[in-house]
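Two complexes come next, and they have one chain in common, subunit A, joined by subunit B in the first and subunit C in the second.
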Partner chain A sequence: MGNFSMYVEMIRIRFLMMLAYRTNYYSGILIYSINIGAYYFLWQAIYGTQESIQGMSVSQMTTYVAIAWMARAFYFNNIDREISQEIQDGKVAVEMIRPYHYLGVKTMQGLGEGLFRLLFFSVPGMIIIWLAFPIDFSNQWSVWALFFLSIIFSFIVNTQLNLITGILTFFLMYNTGLIRAKRVVIDLFSGLLLPISFYPLWAQDVMGYLPFQAISYIPSMIFTGGFVGSEIYSAIGIQIFWSVLLIIPIQALWMLAKRQLIVQGG
Partner chain B sequence: MYYFSIFFQYAAQYLKTRMSYREDLVVELISDLLFQAVNLIFILVVFGHTTLLNGWNREEIIFIYGFFLVPYAIFSSFFNIWDFNERYIVKGEMDRILTRPIHSLFQIIIERMELESMFGVVTGLVIMFYAGSQLGLTLHWYDPFVFLLMVIGGAFIYAGIFICLAAISFWSDSKTDIMPMMYNIGNYGRYPVDIYNQVIRFVLTWILPFAFVGVYPAAFFLGRTEWYGYAFLTPVMGVVFLTIAYFMWNAGVKKYRGAGN
Partner chain C sequence: MNVIEVEGLRKEFKSYSSRSGLKGAFRDLFTRNYKTLRAVDDISLHVKQGEMVGYIGENGAGKSTTIKMLTGILTPTAGNVTVNGMNPHKEREKFVRTIGVVFGQRSQLWWDIAVQESFRLLKKVYKVSDEEYETHMKEVIRTLEIEPLLDKPVRKLSLGQRMRCELAAALIHNPPLLFLDEPTIGLDVLVKMKIRGFLKEINRKYKTTILLTTHDLADIEALCDRVVLLDEGKIIYDGRLDELQKNWVEGKQVHFEFQHPVDKPALEEISREYPVIWRQGERVNQWVATIDGEDDTVSKLMSVVMLHHAISDVKLNKVSTEEIIRNIYEEGIKHG
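Let's look at the complex of A and B:
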């Protein structure tokens, strides 16, 4: 239990750290709104006179874009870059002898950041966007509950992928390229830029076998009502599946990394 | 002349460092290509569901994207200042910069350049030539010169915007997440701006003039005469924005007091 409260403390500290910088977030909300606004008009032009594309109406699409970006503020973090930096600076050696699990700490810091952005960024941002654009909010409380459950798994899967990318620095020494590549792959395959159902069928098949759909596509589809009934539960099942499965490579890589720890330029 | 020689010495040094982590360089080039592919895939997927975007066809939109990549490549090779606040202000590195004998902005540019991004010029030209041949465009004798002017204008606009944003750090040294989001906004200049409403169109033309690094100059090569006025404004806007940024930077440096320690 003592261990548990320590991790909660880490969430709290990161949250407070972000809170100290909150004024800048208001300008961030403005930029985000312009971003989503531009997307809205772009999609309107894409739809043109069509009523719906792939079973989604233009207002569902707008909602999809808005929620996908707002949810991103919650699950997104830079712990891959932080880990990679700490490995390169040699700080990780000290972190390893401390009485906590290094990866656990990083995850908690990411969570603290995510919770902060959810409360101070996504919620006010969503209200502003709702005032400016036609967004469909579901009136079923169960959709909201399932959406929030789903973004927890978005956070888990995205953070796990970040941990893997970060740990790989141990073996690559220098991995800005990999971090960037991972970000691009996630933008494309997670459904952030385009719902996966818009892709050609063969591409959808491939993405069905990958963990990235769990990050953005699934929660956004739940929120917009693109998934209904049993579809929702099987989608969350996919998220749980990946959350569990990805523990294996993380543990394996972490053990290997500890065995061949070389501190660069220490 | 002095600045030139310093520039080349830094560039040579940079290439040596990059070459010592060769695998990473390869991954980085691949990730750049991937990044460029993402936007192309977006266009292709979207045009799988429609034939025209407000009267512009797929190849025209692809052509605009190809054009965009060229000034963008130049910008990202030399103005890698998106983390200026964290790297220089918060960590106190700015103090070191100010002791150097050359202009502080130039010092930062040469320290942070990422020459491998220049590869984007090649990708951009390939995409433009592909789309151009699909559209049956012909090359006039003056096109390369106009192109050069437009590219320089576009790179200046990007540089101007990001230098201004970086300079804000001199007044407020706390962390902002604006920079990464600004990269997203840059994307919207690549679509015909008449799809947006007045506000966004105004922002993309005069406030954050990303439309001048995409649709406006590309419209010239696509023969869209209704946009020629804006197209020829591109180099002017570039010079104006870079000048504003330069003065804002200098004012910021004057104001800079260092992050307490």
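Let's look at the complex of A and C:
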């Protein structure tokens, strides 16, 4: 890594770029608010008069939905599409003349994007939602701390999956389909739309072997108090496990990809 | 020590051709037809420190491919490359700190942010200290006259403005070796001259070695003592530009503009006795005669031609470099 101030600079530049395209950002706020509102009313209807479903109360559920979307603003990024684009127009090859690791730079750009949305989007959004809906915020600072630790790993795992999808463009050349499919799979299996504990048992077993729950389910469960005590630590352990394991396919694919490097035109 | 040492360098591209029809597409799934194209064919090249080398050749000759291999972007199919004493691939990160690259057809600046933000980022990327940046870049920015452009986003710059910024960006770490692939493409005469002057200046001041490709021979004439001429991936000439001029037709050119259409056989017929080559000029009814010989022969040829055909204009020129290169492209270097 070595060049810390360079990566800080990358993050700063991504901040500037996000500011340059503010309109995307406003429409993002709208989409997120609509989603949270819709899920709120949906869950209200599903719960009806029941006190709790699968051990979650209705206010826990509301909090789950809100926090899951707010966390998504942080871990979500478009670097898969960017990498794919840069591979297709040959920009990746030209990046080889820079003394840095391309994937590292992309990750930092993703982080810049995430931090931007966390500060200018999630935080104000959370305040509005807190005023509009009955949401339980934990008053234990340790829950907050663990939640923030956990969304850092959400970011790492999600970004790693994005890197893999992006690099696959080298071998597929046109992979918009794959990128879209990946997005749907993550929204479904990460626990963003539905907590994992609501899935049928066999599906829960399958998801236990997949990295997606590390993205949304774990931090949201920590925040809503769905996980307590040692459950929290083993959940973060799962996130760490995936963060480390996913390095292997990324490195392998990148080595193969570099051999395929072809620059179009010029 | 040579800055660039290239021995037997070769690059082959495989291109797949798809068979026609459904049956063909199905067969493509299993075995694919492919052709190999040798873009760079066994070239050897040695460049010393401080040299400015013009790397020229027709479209598709393999210039860009060579530069991509020298900068470590593409892996060679065969051959040895040592640049700045390193193998561009094996020690990529260390190596790229010692070179600067400009691809005229491709921007390396960040499109959406102001030029100075790109510079600031590159300064961090190359770990350039504040003092170095101050002394060196201030100078670069002044010479290229890009001060007023610094706070504009790259996408709002004109081509010439952008190219000057690209050049400055490639020099942030003051590299001892500079690769320029068509740095003057699409630029107006004034910007071209500014860039030439600038390159000359850094070459003089820092002994920066420069390898540049261009289709504008005026760039080469203004900058390079040495030209390397590439044709279908092979080096067909490597030497001084003025030698090339001397070895090629030492002669004169006469541009005739006729009042009526004339054809080549007719011209050849009347000028049979003279060592002359006829070529259709750029304008209608314009023909160019290249003559190898004394002034006397030239005047005789002119009077013979005028005797047979009505002309509206005649011009007498020395053979230009452009003309020489054009002939080489068209006919190869068989001429001694």
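Keep this in mind: the second predicted complex is superposed on the first by the 249 of 266 C-alpha atoms of A that agree within 3 Å, B and C clash if a C-alpha of one lies under 4 Å from a C-alpha of the other, contacts with A are read in each partner's own complex, and residues count from 1 in each chain.
The working rule: a residue touches a chain if its C-beta (ideal position, glycine included) is under 8 Å from a C-beta of that chain, and two chains touch if they have at least 3 such contacts.
No experiment lies behind these values; they were computed from the predicted model shown.
**Student:** Of the two partner chains, subunit B (first) and subunit C (second), which one does A:Leu131 touch, if any: first, second, both, or neither?
**Tutor:** A:Leu131 sits against neither subunit B nor subunit C.
**Student:** Could you tell me if A:Ile46 is touching subunit B, subunit C, both of them or neither one (first, second, both, neither)?
**Tutor:** Once the two structures are laid over each other on A, A:Ile46 reaches subunit B alone.
**Student:** Let me test your reading of the model: by the given contact rule, A:Gly28 touches which partner, first (subunit B), second (subunit C), both or neither?
**Tutor:** first
**Student:** Go through the superposed model and pick first if A:Ile248 touches only subunit B, second if only subunit C, both, or neither.
**Tutor:** A:Ile248 sits against neither subunit B nor subunit C.
**Student:** Using the superposition on chain A described above, determine whether A:Leu201 touches subunit B (first), subunit C (second), both, or neither.
**Tutor:** In the superposition, A:Leu201 touches no partner, neither subunit B nor subunit C.
**Student:** State whether A:Gly37 touches subunit B only (first), subunit C only (second), both chains, or neither.
**Tutor:** Once the two structures are laid over each other on A, A:Gly37 reaches subunit B alone.
**Student:** When the two structures are laid over each other on chain A, which of subunit B and subunit C touches more residues of subunit A?
**Tutor:** Of the two chains, more subunit A residues are contacted by B.
**Student:** So, does A:Ala93 touch the first partner subunit B, the second partner subunit C, both, or neither?
**Tutor:** The second partner, subunit C, only.
**Student:** Same subunit A residues contacting subunit B and subunit C, which ones?
**Tutor:** On subunit A, the overlap between the subunit B and subunit C contacts is residues 20-21.
**Student:** Mind pulling up the subunit A residues that touch subunit C in the complex?
**Tutor:** Touch residues, subunit A against subunit C: 3, 5-6, 9-10, 13, 16-17, 20-21, 90-91, 93-94, 96-100, 259, 261-263, 265-266.
**Student:** Under the touch definition given earlier, write down the residues of subunit B that touch subunit A in their complex.
**Tutor:** 21, 23-32, 34-35, 38, 41-42, 45-46, 48-50, 52-54, 172, 174-178, 181-182, 184-185, 188, 191-192, 195-197, 199-200, 203-204
**Student:** Would you mind writing out the residues of subunit C in touch with subunit A in their complex?
**Tutor:** It comes out as residues 64, 68, 71-75, 92-94, 96-97, 99, 101, 103, 105-106, 108, 110, 112-113, 117, 120-121, 124-127, 153, 181.
**Student:** Considering the complex alone, what residue numbers of subunit A touch subunit B?
**Tutor:** Those residues of subunit A that touch subunit B are 20-21, 23-25, 27-28, 31-32, 34-35, 37-38, 41-42, 44-48, 50, 53-54, 172-178, 180-181, 184-185, 187-188, 193-194, 198-200.
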